[in-house]
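These notes concern the structure reproduced below.
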Amino acid sequence: MLPTLVEQLANDTAGLSLPRSAPEVTLVVTIVALLLARVPAALRRIDPVWIALTGALVALGCLLGEARGGLAAIEPVELFTGMLRHDALGVFSRGLLLMFLVMMVVLSKLTGLASRDDGQDFFVLLFGATLGMCVMCRANHLMTVVLGIEMASVPSYVLVGIVKGRRRSGEAALKYSVYGAAAAGVMLYGVSLLAGLLGSVHLPTLGLRLAELQVASLAGDPSQRGVIMALALAGVLVLVGMAFKLSAAPFHFWAPDVFAGAPAEVGAFLSVASKTAALVLLLRLVSLVLPHGVSVDAALPGEGVSRLAAMSDAGPAAPARAFVVGLIATAAAVTCTLGNLAALSQTNAKRLLAYSTIAHAGYLLMPIAAAIALAEHDPAGASGAAAAVMLYAAGYLFLNFTAFAAVAAIRNTRGAETIEDYAGLIRTAPVTAVAFCLAMIGLLGLPPLVGFWGKLAALRALVDAGGPWMVMLLVVAVLNTALSLVYYLRVVKTICLDAPPEDAGVERPERPTRLLLAVGAAPILLLGIAPEWLARLAGEACQGLFG
Amino acid sequence: MTPERLLPTLLLLAWLAPLASFVVSAIAGSLLSRRHGGQEGGAVDGAAARTIGHVATGAIGVSLVASVLALGAWIAAHPATDGHAPAATAYAGEWFGVLDVGPLHVGAAYYIDALTVVMAVVVTLVATCVHVYSFGYLAEETAAEGLEAVADDEAPTYYGNKLRRAGRLHRFYQHLSLFCFAMLGVVLAGNAVMTFAFWELVGASSYLLIGFYYERPKAAAAATKAMLFNRVGDVGMLVGLMALWGLAGTFDYERLFAMAPTWMASHYGLATLVGAGLFCGCIGKSAQVPLQGWLPDAMAGPTPVSALVHSATMVAAGVFLVGRIYPLLTVEVLVGIASVGAVTLLVGATLASVSHDLKRVLAYSTVSQLGYMMLSLGLGGWTAGLFHLVTHAGFKALLFLGAGSVIHAVGTNDLRAMGGLRRAMPATAGLMLVGALALMGAGVPVLGLGLSGFFSKDAIFEYAVAFARTNPSYAWLFWAPLIGAVLTAAYITRLGLLTFVGQARSEKAEHAHESPESMLVPMAVVAAMAIGAGWAVPGSRLSVPSLLAMSAPEATHHARTGSAWSGVTLPGVESAHEVDVRAAAGWAAIGATLVGVTSALLMHRGGRKCETPAGAPMRQFDEHWLPSVSRGCDAVARRLGAFVSGPLDRGAIDGGLAGAAGLLKSTGGGLRRIQTGSLRQYVFFLALGVVLVSAASLGVALRWING
Amino acid sequence: MILASLVTEPVGVAHYLIVGAVLFIAGIVCMATKRNLLGVLMGVELVLNGANVNFIAIGSPYLRGDAASVGLDGQLMALFVIVLAAAEAAVALAIALNFYNTVHTIDVDAADQLRG
Amino acid sequence: MNDHALTLLVLLPAAAACAMALVPKSAGGAAKKLTLATTALVALIAWSLAFDGRAGGAGLSHIVSAPWIPSLGVQFFLGVDGVSLPLVILTASLSFLAALASLGVERHPRGYCALLLLLQTGMLGVFLALDFVVFYVFWELILVPMYLLIAVWGGDGGRRAALKYFIYTLAGSVLMLGAGLLLYGQSDLTRLAPADLAECGVMGPDAAKPHASGMVLAEWLASDDPLAERYVDAEAAGAPLRTFNLSAMARLARSTDVFTSKSWGGHNLAWWAFVLLAVGLAIKLPAVPLHTWLPDAHTEAPTPVSMLLAGVMLKLGGYGLVRIAWPVCPEAARDLAFVVAVVGVVGLFWGALAAMAQTDFKRLVAYSSVSHMGYVLIGLAAGTLGADAWALGATGAVFQMVAHGVTSAGLFFAVGVIYERVHHRDLNQLGGLMNRMPTASGLALVLALASLGLPCLCGFVGELLVLLPAWTFNPYLAAAAASVTVLIAAYTLRAVRLAYYGPEYRGPNGDRLTPVTPRELAVLIPLAVAAVVLGVRPGIVTEVAEPALVAAGQPFAHPHPNLPGMTPVADAADARRTTR
């Protein structure tokens, strides 16, 4: 029986799973190559950035190969006997991650973070974290969920402290590692409870078990009551892990200190890559674990179920769904408001961007809450809400990358990171200043830039979902946009209007850095004017997510 | 050409000629103004300015001819009967549409009846005389060239030197043409909106004319004051218009007069409001009691302006409008008009008899005479009131032109610096005497001989007597004009004495010289009008009153009683023309005049004593108390504005929002303090967060299970 | 009342879960209270081991019968968690060492420069 | 097919703004000339719209309908009708005059011109957009350029004023976004009749032409339009098909109860959307409690920017009310009409009184703008009474916006002429300018009298049209509104007396009172002529705007149930019918 099992596993791995994981394999190969490159003396002269760059580009190429026939044509299939799930969303999110990896490699080389001698360590960690995030994007099994998160987090702890000798980076790494370990521990415990209660570790089956469980509990027998209580606790604990990765409200304490301590490039990586991966993972958990379709009584008769009653109809997971929506909606509102309020009085640029990241985590959670609310009886709407998340995340990638890259560039030229030090930047370093201003105004969400379309899609999802939670979120989002204007505009004002310090000669970053900043900033404007292809791509990615 | 087509075309020509001259002079003025030494002083050389003047005079001449032809055509179409002919037909129509929105249709329309034609002739005649007269009066405007042409001693300069400025005769004629166009617009207007439009345009052009010497602060202030007083009146008129629209849904006079009896019956209150509102406009424009403060100050403008605008035409527009909208006015409104008129004529007359400024006396005399016209219209004497308007235009213009030539000669307005000018200026003195006599209403009652003032004042007194007879409780409306007549005679005699009789009281007065030919001829023409306006054309019964009677509204033909509230009955035409009433009115009028003259002679003892008894307190009331009221209103508005823009805008609104922003910033700061940086606290918060969230979830699960 | 029955009944899943819970809570409290950096890391280990106990308990066929049990997956998860804990401990200790080299103390409260 | 006049109109300035980057840094003059050429071309296109017969009137014309972001349901849908045509022409002309007026700008001319062109794109876009998101995008496009123009090129307090402007306007637009999304959330294209669908441009440009070739719904559904596919499966699934299309929303509000069926917190959704829209747009109008940004923005803004800010940008708020708030939430407009009217009257008094107390000439004209915009609110509020009241009130409001655009731009330029020479605007130190600069002062006097509301000039017509229905709406408010004209006259004439009359100029640097340059005349004369022409021949605007407004105002056609007001006397009423 064993040989057939081994032979079956070999076919599955070789024939089905590996071809669809080409990018991950490439990343592994690159990591190994990077590690081995230092051993023979002859190879020591090669700058590790070229190895890293080729590895990243090849990985991106493999991925684009996967998405040859367009995202809609990808059939969802479970890889590695149910460990990973290969579908359009997986391809799209990994595409974003790998593209971001390429940009990170180039950025860290140009800003000198990854110099010739210790660049190797930096890239290994970078690729390791990205590998972990790719796994998170396609997790379909509780074990891959946990593994993915850990593989993404642990290298990040070290990345935060990559700059040797500075007490602040050491302290940041320490805080991040301890807080991350604690959060991972809590999540792990939650996962164990969840698996125990529902008797499975495979996400789809978890969903079915949960649906059956709901049916029995509706009969109201007391024995199941304890199970329901434990289930609620387990669900919450799992969501704690997610909240940590997303830096959502109660679990955001690590973010400001880590971003302030870590170098700006790592800040970019944390705020964009790990957030995108966490969002995709949350979407997967939500779409698989909280099933739909299997409803006890047939769809409610009557033309167009009134939206306001969506929350209370008797779908199988309705009570769980209602609870999760409420939880995520509150977390979103608190995160968003807290992030914006705290950012008002910031002076350090990185810390300001940290709170801005927390605020945008709040905005990103809102359409997820809408998606869950919609999943019950409007799967297409729910997919639309998920598409909104992905569109917002894609736009956010360019915005934050440009912002952090600019902070890094200015750190290298003016050696300072407080906002006052950016005075009159537009006269001494015009390209950097314009890129930074575009990022700031894009993060604020003004229309001609990509930030607006993400926010519009998110608010549209809220309005589609309807219901008291959603209208509350709409009001919170609208007010927070107005609130966030103050600190984004203060940065733009300092850069454009204040007079540059006397001694500041023309300290422009060198040409390649300026080119990178331009490449980072251009999509903000171009996607702002013609966001259609990105929006369609995001739509196709989330097409079948909610069935 | 039938009258229906001839009259409108003629009057259209008369109306547009001044507009053409205004446009030409406006463009020519700016093009011809050359730069002198890099400074753009707007100096037009004398010859060009005079040509512009001639163009303007020509234009108004064309209007005069056209108006006279129109009058002739009207008379041909309506042979004069015995004065009580049924109301002649009025030609109404529209030249071109202007505004057409929803139910509202406003166009440049005309409503031509006898009143319109007579007014057109009067306006254009007086305007022509003033145009000619101004050449002489404003001669020094074109005396020299360049920016230093004219010296203006009344404009205070920083270093006290005499202000020198470029001559601007062309601008004077430009504004004068605009005024004539606007005035004819009011006279010809066929719907209420057009009346209102040209009503304000007349106000604006009087603003420009009063402010001709804008370097003088007094003139600038007077111009602004005049416009604001008119605007206050126009607000009432606007409310009247809005109520009219709410009530009738149309502004066309012809249709309004047809519908008036119906909605007067059904909506009496609203109809009264309409009438009262429109009369407010007349109060503002014709300087009736509450709003008369602006007219004396308007004397700051050049004297020809005072002669034309502030005596004969513009101020008479109020009376004309009351005459035009007479059918719309309820009895209560008419009584109101009469009482306002009565009070005004008393106030005007008393203030006129104390002032030391020559033009100010004439200004208050105008206020008083306008009071008479309003009183007459209010009492139902439609023809009498408007007849007095015509005659007043004549002799008041004459008096003003005379005053102009006196000031031109003596150089000051102050009566105390004049005296004994009859020797130096015999012609002016003679003409002024004619004007004074006409104003007094001198004439023999029984024989029907007398100057124009006598006939029109006599007609007014007939209605006063008839009204007093039918409404004994309103008898004061008879005594007021009587006392007014005494005062009128008194102040005009005082004026004559102080100016022309007695010894010259200043050296300038000694060697004053007679005005040039160009000023005396127009005065003569106007004097002829002042004398002959009252008489009928020999051989036929055609006279101004008979002409006006043709289009007197039927409401005036027979007695009319108002609502129970006032219980007033207005006398009809026949009751005013009974023999005994006419006799009583005649003797009363001439008696009052004689008493007035003798008292003035006694008081001023042949021109030696300028001061009138109890004059100082009255002057104090006039020159200080009344202006302080309007200055007070302005100050209150400015202080209220300062309160609004200061404490309210900056304090309340901005302060409030800044407070809110500060609150947000402080909460933000608070959140920063939570971020203490200690690792153990973070993990503690993590644990706390886990506990809180799970407790919440258990609670929800429990409630759901039991729920 | 639940505890009483626990003592008397034969050892079942609940008992293991309780042990797991105790370990978990002990770990969290240890992390929150310990001022010594290594103490904090030990707390992390406790939390992870708590989860391990759970995984083993839910995976054994004897405790809960074949249908409900997670089967071998439980033990698989436990194995991976052990590996994972080891990796995390290594990295955390390396970071702690690095922190010690710059600050010469492993008192957690020394790491409070980043705040606000 | 799409008639691309409008796309050209909107995108030409933006293209020129981008081209500004190519202009070398030293060639400031070239930048200004390029701006002048572009604005001239745009003005030409705008005026050509007026002269070809199709534009104006009830139906939409020159439709541009292209799927911009179908996956978000956003359609790049531009069109012009009677309401927007006068405002588009006003914007294009004023932008050209502003470009002419900014030939004197010295600091960073390239940046200045680029921002000015972006401003024009934003303004034109707002007036032409018929899709809510496109409307919102162009609305927000104005924010940053305006902020930088006031902050960088403005006076010394420019930064604070610009920030205040940015916060006020963004808060307003954010409320508007909320309202738009609430309406979007309830809209449902499937419930519109095919004829309505064609008319509101959902089926593409050809169908929307007034006498379209009878394009049948089926024919559109068969076409490859992505919206058509989503229409088919929405209808099949019975689910609502959401839309941002403004004219579709207006028709939905008129024919179905989509917006009013759901109620929330005691009022139906249309009511909430109306409140949000009204507050958001009232900030821009500006209505009184939310107006304090205007005086500061104006005192700091450079002259050409002030001209555009007062001449056009205040009209965005008013246009938004007429295009979105009133047609889409008619019942709410009717319920809140009294509140709107009261705000209007309070605004009238507030602005006028504040202007009475100002010593800074420009701040005085700014407060006068606050006052004049009160008439727009009164007109719209009174318009909800009935068909006749709407025709008068709405046309009056639109005309007042155009007229105020002309007079306020002119007055601001006149103040700019003085400021450029003597570099101060304190009325107490001005005086005697009539002698030193007679032509400029004369034109300024004409514009001042026009803004005063003198008949035969453009200010009066708007007032008259607004006040007539206001009387039947509420006599006391109407009387109050009429009485403000005295205050308006008072402060305007006071300013004229202090600035232009008086013996001589005694203020600082009096020697620099050079004669008016031809360039300045080229700005003042057209505005003065426009003031006179609009006053004498108001039909130019009313004949174009009225049919479109009557079409948009159909929900107000039936008489007002609970506001009897002063219905005219029966026989007079039918007499009135005969007068037309």
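Just a few scattered comments:
Labels for the chains are A, B, C and D, by order of writing; each one numbers its residues from 1.
Everything that follows uses one rule, which is that contacts are C-beta pairs under 8 Å (C-beta built on N, C-alpha and C of every residue); 3 or more make two chains touch, one makes a residue touch a chain.
Keep in mind it's a predicted model, so treat the numbers as computed, not measured.
Taking the mean of each chain's C-alpha atoms, the chain closest to the overall C-alpha centroid is D. Per-chain Cα centroids separate subunit B from subunit D by 38 Å.
Subunit A and subunit C have centres, each the mean of its CA atoms, that are 27 Å apart.
Rounded to a whole number, the gap between the C-alpha centres of subunit C and subunit D is 66 angstrom.
Centroids built from CA atoms put subunit D at 43 Å from subunit A. The set of subunit C residues touching two or more other chains comprises 28, 31, 40, 111-116.
The residues of subunit B that reach two or more other chains are 672, 675, 677, 679, 683, 686, 690, listed in rising order.
Interfaces, counted as pairs of touching chains, are A-B, A-C, A-D, B-C, B-D. Considering their complex, residues 661, 664-665, 667-669, 671-672, 675, 677, 679, 681-683, 685-686, 689-690, 692-694, 696-698, 700-702, 704-705 of subunit B touch subunit A.
Per the touch definition, subunit D reaches subunit B in the complex via residues 289, 292, 295, 350, 352-358, 367, 387-388, 390-392, 395-396, 432, 434-439, 442, 449, 454-456, 460-461, 464-465, 467-468, 470-472, 475, 478-479, 482-483, 485-487, 489-491, 493-494, 497, 500-504, 506, 514-516, 536-539, 542-543, 546, 550, 566, 568-569, 571-573, 575-576, 579-580.
Within the complex, the subunit A residues that touch subunit B are 174-175, 178-179, 182-183, 186, 217, 225, 228-229, 231-233, 235-237, 239-240, 250-251, 253-254, 256-257, 319, 323, 326-327, 338, 341-346, 483, 486. Of all residues in subunit A, those touching subunit D in their complex are 303-304, 306-308, 378, 380, 387, 441, 446-448, 452-453, 456-457, 459-460, 462-464, 466, 471, 474-475, 478-479, 481-482, 485-486, 489, 493, 496-497, 531-532, 535-536, 538-539. Listing the residues of subunit C that touch subunit B in their complex gives 28-29, 31-35, 40, 108-109, 111-116.
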